[in-house]
Amino acid sequence: MKQGRLNLVLGGAITALLVGMALASLVWTPYPPTHIDIVHRLAAPSAAHWLGTDPFGRDVLSMIMAGARSSLSVALIAVAVGAGIGIPLGALAAAGGEWVDQAVMRASDLAFAFPALLTAVMIAALAGPGEANAMLAIGIFNIPVFARVTRGAALSVRERDYITAARAVGRSETAVMLRHVLPNISAMLLVQVTIQFALAIVADAGLAYVGLGTQPPDPSWGRMLNDAQTFVFHAPLLAVFPGLAITLAVLGLNLLGDGLRDRLDPRGR
Amino acid sequence: MTRFLLRRVIGLVLTLLAASLVVFLVLDILPGDPASLMLGTAARPDTLAALRHQMGFDQSAGLRYALWVAGLAHGDFGISYTYGVPVAGLIGARVMVSLPLALMAITLSTLIAIPVGAITAARRGQAVDAGLMGLAQLGVAVPNFWLGLLFILFFSVQLAWLPAGGFAGWDKGAIAALRSLLLPALALALPQAAILARVTRSAVLETLDQDYVRTALAKGVTGAGVLWRHALPNAFIPVVTVLGLQFGFLLAGTVIIENVFSLPGLGRLIFQAVAQRDLIVVQDLVVLLAGSVIVVNFLVDLAYFWLDPRLSRDAAR
Amino acid sequence: MIRTFAVVLAALLAAASAQAKDSLSLGMVLEPPHLDPTAGAASAIREVTYANIYEGLVRIDAMGKVQPALAASWTISPDGLTYTFRLRTGVTFHDGAPFDCATVMFSYGRAAAADSVNAQKGLFEPIARTDCPDPATAVVTLKRPTASFLFGMGWGDAAMLSPASVATDKTNPVGTGPFRFTRWVRGDRIELERFPGYWGAAPKLTTVTFRFITDPTAAVAAVLAGDLDAFPNFPAPEALDRVRADSRFTVVVGTTEGKTILALNDARKPFDDVRVRRALAYAIDRRALIEAVMSGYGAPIGSHYVPTDPGYVDLTGVYPYDPARAKALLAEAGVRPGTTITIKLPPPAYARRGGEVIAAYLEQVGITAKLVPVEWAQWLDTVFRRSDFDATVISHTEARDLDIYARDTYYFNYHSEPYRALFRDYQAAVDPRRQLDLVGQLQRRLAEDEPNVFLFALAKVGVWNAGLRGMWTNSPIPANDVTAVSWAE
């Protein structure tokens, strides 16, 4: 229990820091994140530029702050798409008859076969790369994830006595699902949301790294890592900071998820 | 039992067909065609038309889909638009890089994860457990491509021990080839191992609580013996499940890692084919990769069935 | 035991190959799609095959001059219409097929035919007919005098192909050059070996391997590890510092024909107004751009012509960096601050990175540039063929291509009657001095109208083993001509 509490606090703090940084970047960054200053290119970390500057003389700290905004918004939309479509589908599969269940689950098998990267490759070929591409590709992959989790949890909850009782007194399937089943599994879904959020941040960075995600001049962590790679010989730190930011963000969300799980479901690990 | 299997196999084939249709539909409406790319800026309408005809691009979409799927069904992947050679050969050569890389990553991650999971479970609550699980928590959070970049920074740029990328080629000998795969495989394996170690630990903990393990302990079997002979084999199901579920991530990770280390694998091929509008190669690759995820999930389902007798009773019902 | 043996064997082999010094392993960024330069535009095809595998009647040398190749000599009639080529005799293709005037007739005829898929079909368009008075003489008659004809016949697109092997040249190229094709490991390498039946002086090298490495970091690593002897067109100069510090290697900065421009759609508002185009030219600091994008490698240009070409006029001072002037011009033209334009960026680093820097400069004069990265296929389709763009960053690599500004339809939509008249005069001019004078006037006209913002000439940054001799420093045409390359004793 103590460990769970620590996870919750630490995870919550890191996540809050991240969100705070992203929000702050909307109104203030040390320098404008896209401001180019060629005279001061590739500067080492200093009082003027805490994390140094990139090959165009842009301030790395400012770019990381703006990158947090980009990363979080991609993850937010991707998870919203996945949960918004996946949860109702999963509930439908659990409550509907066998055919509905089969149809939803086979479709979800199909969607599950396309990792975000493959979808993003296709969308990028079709509509060009970009932030929206990443949101959509990761979002589509999240749909079957949420559908499966919801269906599984709903099926197990539905067999509990009080829900069988509710059905026995004549409540409709929809009412049972909305009033009794979903509230019962909402804790579990919340945990899943934090997990998918963390995965979405990694996926977003990966897509941006290979050039399928957020595009310049909008700063993004994955993009910064890609740009840094050709400079590893004389500005190795450029390849360190954005990766640290991603790791920290994912770590925070994972800790938060673990903490939530322990708190909401004491039987867990 | 056979009815269940049959149903699953039919489902598998239908899913694969649906995947191929999705891929074809998406890619068929792409802007830009390979003929215009090959002829570049000085192309003229007459040379374009001539080349399109040469490449069979003046046939209808339906016909092209039918021909493609019929070909796939008996192993003919078609002819690459850009290279003009069979796609099967192109993919075959790249598989010789990607598959060893993925296998190396899976092997390394399992070799690291299972002992770590078992040890931490056995020493639950002790310093070893806390330390290793803290490390695993961190490991799960590290993106594999960044880890790859850090490896390049450290092992190639600073120490100059291992190549910063590129593939020596199998004809230079297995040692040289494996050397160029070592860093990318490690970068893929470590975050994977962190996830697996956590799963192994909790699965082992769960079985350690079960009656038969308690009985064995009561009978005087040593702790280590119980761990290796009883708890670990039973922790197998969740580990296999997670390996299966992670397969898609491993695939995506391989594609990205190949870009980090500039390895001539399937991942490089797919980006190159998209850039060159070599649609047939893109189609084949996406279907191949998505298909492998579908097949692996199918195999995991079957493995369940085998490992857990309760499930086969359910299915027989 | 077996492993020890393998290690020893590998070491022995490595020692043996180190001693021989008659092989060359050369790095390239892009892999060619196929190996027939008469059926595709990709530079990579020429970078493998030019002069090494295939030869034309004439060839372009390292300085961009026309030299004899399969034609030992030629004469041009005073009216500039008839070219009489004296062909070399006893020349055979790698498969034993003979080369003579019939081959010339076949190759030029195929390039100009109705079903031709030659990427530079336009080069052959002035040809009225090709005649063979005897097997060792080819007489090419033109429809009109064409100043650039001979230069064009030196391009890879005008290579001599044998009718016997033309159908399979894409995957198994057969030419008359000093090297013949041996193996292609797709995605990795192409191998050539010395052709013993070559008509000319035998090359010093016995084998040449072209290896394809896209990632600059991996390329540097391969050079440092000795896996590559040379990387003649290094993609990312910023990654070269490591190599520079190492005395085993030479880093050579040469020139190319790559005119990097911010191409503008002159048919679209606001770029239909010359004041806006000039404003953009004032708004961008070319030196700083070269510094940021190419680590300082590259030369500013003031029109669509590079300093190494004959008749170059330095016009880089016409629009010095002057944001205040740019703002004033924009205001005069009625372009409000906050106006948004879209810049489409093809994949190369000069475009993607250049676009970022240009956007930052335009922001300072009140123009917001939205950057849209596109693949080559999309760029060709939307920008080049359909002219559907505001602006794009692109490097025109064809040599001396002033003609594109005289065309009726070309993607940036520059229509200037005075320019066209000048260009007609230039094409018809037979006197070399008159030609040079007209080339100068054409450049001035372009700088005056600034149909596109002329940025810089791409540098050719090459790195190779210090023991290598005879590598090309400059890149007058896309090629890795290794026929004269050797190792120092």
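Read from first to last, the chains carry the letters A, B and C; within each, the first residue is number 1.
Basically, a residue touches a chain if its C-beta (ideal position, glycine included) is under 8 Å from a C-beta of that chain, and two chains touch if they have at least 3 such contacts.
Not measured: the values here are computed from a predicted model.
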| item | value |
| --- | --- |
| Result of counting contacting C-beta pairs for A-C and A-B, higher pair | A-B |
| From chain A, the most remote chain by mean C-alpha position | C |
| Distance from the mean Cα position of chain C to that of chain B, given in whole angstrom | 39 |
| Geometric centre distance via CA averages, chain B-chain A, whole Å | 21 |
| Whole-Å gap separating chain A and chain C, where each centre is the average of the chain's CA atoms | 44 |
| Two or more partner chains touched - positions in chain C | 215, 217, 220, 375, 378 |
| Residues of chain A touching at least two other chains | 125, 229, 232-233 |
| Where chain B touches two or more other chains at once, by residue number | 30-31, 152, 164, 259, 274 |
| Touch list for chain A against partner chain B, complex | 106, 109-110, 112-118, 121-126, 198, 202-203, 205-206, 209-210, 225, 228-229, 232-233, 236, 239-240, 242-243, 246-248, 250-251, 254-255, 258, 269 |
| Residue numbers on chain C that touch chain A, as the complex places them | 215-217, 220, 236, 238-239, 241-242, 285, 288, 291-292, 352-353, 355-357, 359-361, 363, 371-375, 378 |
| For the chain B and chain C complex, residues of the former touching the latter | 30-34, 36-44, 46-47, 50-51, 54, 82-85, 89-90, 93-94, 152, 156, 160, 163-169, 172-173, 175-176, 259, 261-262, 264, 268-269, 272, 274-277 |
| Chain C to chain B touching residues, read off their complex | 3, 6-7, 10, 31, 33-34, 39-42, 114-122, 170-171, 185-189, 212-215, 217-222, 224-225, 227, 347, 375-378, 380-382, 384-385, 398 |
| Residue ranges of chain A touching chain C (in the complex, touch as defined) | 34-36, 38, 41, 55-57, 125, 128-129, 211, 215-217, 229-234 |
